[in-house]
Amino acid sequence: MLSVALRHRFPGFQLDATFTVPHGVTVLFGRSGSGKSTIVKAVAGLLKPDEGRITLDTDVLLDTGRGIALAPHRRRLGTVFQEGRLFPHLTVRQNLAYGRWFAPRGSRAEREDHVVEMLGIGHLLDRRPGLLSGGEKQRVAIGRALLCAPRLILADEPLAALDEARKAEILPYFERLRDEVSVPILYVSHSASEVARLATTVVALENGGVVRQGPPEAVLGDPSVTPLGSREAGALIAATVVRHHDDGLTELSAGGTPLFLPHLAQLPGQPVRVRIAAHDVILSRQRPEGLSALNILAGTVAEIREGGGPGAMVAIDTPAGRVLARITQRSVGALGLAPGAAVHAVIKTVSVSPADIGR
Amino acid sequence: ADVLVFAAASLKTGLDEFAARWQAQTGNTVTVSYAGSGKLAKQIEAGAPADLFISANTAWADEVEQAGLVVPGGRRDILANTLVLIAHGKDAARVEIRDGFDLPSLLGDGKLAMAMVDSVPAGIYGKESLTALGLWDVLAPSVAQADNVRAALALVASGEAPYGIVYATDAAASDNVTVVGTFPADSHPPIIYPALLLTNAADEADRAFFTALTGTMAREAFTKQGFRVLK
Amino acid sequence: MTDWLSPQEWQAVALSLRVASVATLASLPAGILVAYALARWQFPGKQVVNGLVHLPLILPPVVTGYLLLLSMGRKGWIGYYLDEWFGIVFAFRWTGAVLAAAIMAFPLMVRAIRLSIEAVDPRLEEAGATLGASPAWVFLTVTLPLTLPGIIAGAILAFAKAMGEFGATITFVSNIPGQTQTLPSAVYAFLQVPGGETSAARLVVVAIAVAMSALMLSEFVARRVAARVGGG
Amino acid sequence: MLSVALRHRFPGFQLDATFTVPHGVTVLFGRSGSGKSTIVKAVAGLLKPDEGRITLDTDVLLDTGRGIALAPHRRRLGTVFQEGRLFPHLTVRQNLAYGRWFAPRGSRAEREDHVVEMLGIGHLLDRRPGLLSGGEKQRVAIGRALLCAPRLILADEPLAALDEARKAEILPYFERLRDEVSVPILYVSHSASEVARLATTVVALENGGVVRQGPPEAVLGDPSVTPLGSREAGALIAATVVRHHDDGLTELSAGGTPLFLPHLAQLPGQPVRVRIAAHDVILSRQRPEGLSALNILAGTVAEIREGGGPGAMVAIDTPAGRVLARITQRSVGALGLAPGAAVHAVIKTVSVSPADIGR
Amino acid sequence: MTDWLSPQEWQAVALSLRVASVATLASLPAGILVAYALARWQFPGKQVVNGLVHLPLILPPVVTGYLLLLSMGRKGWIGYYLDEWFGIVFAFRWTGAVLAAAIMAFPLMVRAIRLSIEAVDPRLEEAGATLGASPAWVFLTVTLPLTLPGIIAGAILAFAKAMGEFGATITFVSNIPGQTQTLPSAVYAFLQVPGGETSAARLVVVAIAVAMSALMLSEFVARRVAARVGGG
């Protein structure tokens, strides 16, 4: 359990954030300037907040009230930064070993060969960071953080500097980290896809304060929480892989409803989670026929939220889970939508991007 | 008129005083550039606009003369100096310097401060004396050679070296040293300061100053500093 | 070739090499420390420290030599206690020449190292800290290796300067052949004797050769190390 | 008319590109590493190709065959780089004036006040670049390039370093440049939106060679040209603003067919072009009823291209122009689609992002 | 305060200030050019030029002084023709002191400027070129202003060094009061005189004060300029 309570003032910015989250991946989520990095720095010990208390399970990392402030190197955290920050004078192998040199004797670190294999960096071990691609750098940085026997891993937008292809390459490693390694992770992001794929807990920040906190289905499915603007809104659906079809589609089952997506790597029986972007959902009162879209979920309108523009956010409860749809207010009127109304959500198979599918 | 004199640095106090008085008397201006004799000699050979050169030894004077830079009849030995043994402190015991003088045991494992024994005049004279006294071979490893007499003096004054060999004129300078003995005049070549009137010298003032160097006023000034004034 | 210089001249060359090497190596830790403090710490009197470090660059070397004599001589207000308490004596020893050379070369060394420390990305040091390295370890494992090109450049420049140092050395430890007579002292001695120019010139050639080799080596090594470390 | 023919070899990369394009905005378009920057550098004179000939109207900038290679400063080009490259020691005003100092006397430069007004940088003139935001920097860089009286403006991914909000802020300035200033522009991008909004001519590059070249409607509407991968494919539709509705929607007319989009800034009567991403289009044989999607275009299938995966790219000719749809091959079969088949393209109002609408 | 130093001492202080200022300003263009060439150009013999520039740092100053006397003296192999053809004379003039000081300070100046030129982003220079500036204009309008902090640092360091230069100056232009007697030469003269230490000490204090002020000024100015230019 990680418990954070911080109060800090910068000229023109006031951080006042309190949250307590269980182990797993906690994603700090919010717009640029909302205070995510400031929180991470305070947890890492690189910034001393005006007031605050940070505890990790039973250990107190910081308690300004009692004058406790562990130095960064005593906190035993692993950090992955946006820019990698690999040591340019060390080989990849030495970078990986770096944290271990300082880990307390007998601490339970991951085995190096396991980490190397998990991250697929075996062929890079003798190179220097200067010769790695951006994606390779980040994988090494993850390994380095893991191997210092951390009690918590901090990752501040580890993918932000990468292009889409590179992002797609790294995200699975964080998923494996979450699933195969028991170290809790505090992960900063302003990408809804990353939240959808990784989070076990989401902490949504706005202007230095926590606006919502909870499991990702709940936070992302709440039409009133759009810390990144309505274009990034979208709900999360938990599903299970049923079968891979010969035409390259993968059939999922979400609460009994079939969903068809472009081929996934997961084996039948494995769970996946799928973020359905709100602007990719079309609503229809009758069940539409003869559409190229293969996924049609029947449900009832749970909530409608109109914003300042021409759009409205409609939450629909379906057997597959809650789905958000962003449609025009004109359509809300034309279709006569209101809470309780029966409705069909149409989702294009191909409009779910691979980045939005996690497990 | 202006007189530009290149003079060995050790002459500074006496020459400054004399020059000031001579200026006041004649209305001419005297400028003196003080540096090591060797440096000055080289500069004169390189065309320095000096009217007079007062060297601290004869070797450098010879070189300038051989280069043809001296007016005929323009060389006069004006001053003589004596070489003394100094010791650190205000009241060191006097010794007598003669054949068989046991300087090595007086020195113990301390150093004997001198000017550079192969290049700086005071050092060259000192080495001659020690050789004449049969002490050089024993003492050579114990000699700390400074780049000029004043630096040797400083080594003794600061107590770094217990004894040193300097000119009598320098010894008077420091409160922290005592003259404990004088080297016999016959143990080294005469310590002579030749004055040269250089070919550069154009006017009467230069000649007048050259002449005055052996006059009463100069005698008073230099004697005060411990020099022996010749002629 | 061995005939080209007299045994005494060879001795002076060898001593100079020894003095310059030891001066460089011995002052390196202090140079790195001072450079680090000037580059990274804020403390009262920082400008004064900076000034003191530069002093030998600015003062006539003879003055530095006198100050050394007054402070570090056997009767000096520091040297006396060094001798009494630790038996450390600089006066008239080759170690004194080392001290003089080190002090004269110090500002050059510190300037070079300071600049390269300022170029190290502090975020790498932060990364080291979060990975569990204490400040001392961060310094040793991150800052120091990344500063290596600057340290090498600074050290070799200091070495070259130490090879040429004369004024402070002769004033402080005088010129004792085989003990404190360095190459520049020998050159100076020759220049003071009528007709000594050719001997002086031969020694100057040796001095130039050594110092130039050192300088070129420094450019080369610094470039190599920078290439290995950089680009990342 | 800009005519470029280049041949250059880097270790592991061979550029061999020839194209001749009319004035207007020419977008060099292609994946990372396809050689876009190399071409721009050669045109700017910052890289000397092994072989090549570059002419601008009647002037020869480079002709290795005849030993001609104008120095960069004699080419009279204005450049806008990804990183801005503003001179940090000069104020914004001095940066803007920089090029003019060197422009030949009497050359026809834009008037400074006009440029400043067009770019909205009047309030920044006395600041230094260090204090500008990324978007402001790029605006100043554009102004600086304009004011050196260039015969051609080179822009190498001028928006790549900016986030979405910043991009949206700058793109309109390039549109104004295209429409209000007669200087031709060679613009590098790997964003389909930017191509859609800006290009008068598109040159698509792959591995150092030109794979397709032509007006953007033709290049983007060709299902076989997907230099950025099929996810970025999408056709371009030319339309005219008809009316702004009270509910915040703007009605367009594309070849007589109405299209509804979230509010646009353009006045009624003004032309706009709209990129419809292929993965946002749903196809239906019958005209679908009761959908929340407001835009339904009837048309005929022109071409179907199946890729390696489960998807297919379907080109549909509609009265509004050609539309691309990316659907599953399964749907192609289920709907019985084949060239010549009548079909309806369903486009969500809100799925057209503001970045995809230009004029 | 005016009583504190004798008129002749004031004269030496004034001359030193003049010599150091002129030496710094006059060698600045050459310093910038050489630094630029070493930082940006590749040419055969670059290492030799680099070595030559460093030579005065490495050689005992007296040797540099002798070399100057032999080459630039009125009868020297360069000085003779300078005099014959252009009527330029360095020997035994304050201009000679300027020359000696400039040469001794040159390596420090070049090192500082070179480092700051190497730190200028060549892409800014490219930007200047594409905007129509010829290489010379790019240098003047982009490289030079961005190098300003380094130039200031280098100039002031050179000034401080020039203030303290002694060995080469006294060897080249002698020690003529009012003409070539700089502050360090005056210090030397006093050290040769019985009881001259206190006078020497007073002059040393003046020298330290001037050089320290210059150094602090340089740190301050360089920081200010860097802050104005940087962050962008």
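First chain written, first letter: the chains are A, B, C, D and E, and each begins at residue 1.
Quick note on the criterion: a contact is a pair of C-beta atoms (placed from the backbone, for glycine too) under 8 Å apart; a residue touches a chain by one contact, two chains touch by 3 or more.
A quick map from chain label to UniProt name: A, D = Molybdenum ABC transporter ATP-binding protein; C, E = Molybdenum transport system permease.
What you see is a predicted model; the values in this text were computed from it and never measured.
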- Item | Steps in the shortest chain-to-chain touch route ending at chain C and beginning at chain B | 1
- Farthest-lying chain, centroid of Cα atoms versus that of chain C: D
- Let me have the rounded angstrom distance from the C-alpha centre of chain A over to the C-alpha centre of chain B, please. 89
- chain A-chain E separation of Cα centroids, rounded to whole Å: 60
- Note on the structure: Residues of chain C that touch two or more other chains sit at 66, 188, 191
- Task: If two chains touch, include that pair; go through all of them.
- Result: A-C, A-D, B-C, B-E, C-E, D-E
- List of chain A residues in touch with chain D within their complex: 32, 163, 231, 245, 247-249, 260, 262-263, 279-280, 282-286, 288-294, 309-311, 325-332, 334-335, 346, 348-351, 353
- Message: Quick check on the complex: what are the chain A residues that touch chain C?
- Response: 44-46, 71-73, 75-79, 81, 83, 85-90, 98-99, 101-103, 128-131, 144-145, 148, 154
- Query: Residues of chain C touching chain A in their complex?
  - Reply: 121, 123-124, 126-135, 137-138, 141-142, 145-146, 148, 228-232
- Task: Under the touch definition given earlier, write down the residues of chain B that touch chain E in their complex.
- Result: 4, 6, 9-10, 12-13, 31-35, 39-40, 42-43, 46-49, 148, 150, 169-170, 172-174, 225
- Spell out the part of chain B that touches chain C in their complex, as residue ranges. 36, 38, 41, 59-60, 62-63, 111, 113, 116, 118-120, 141, 143-147, 151-152, 154-155, 158-161
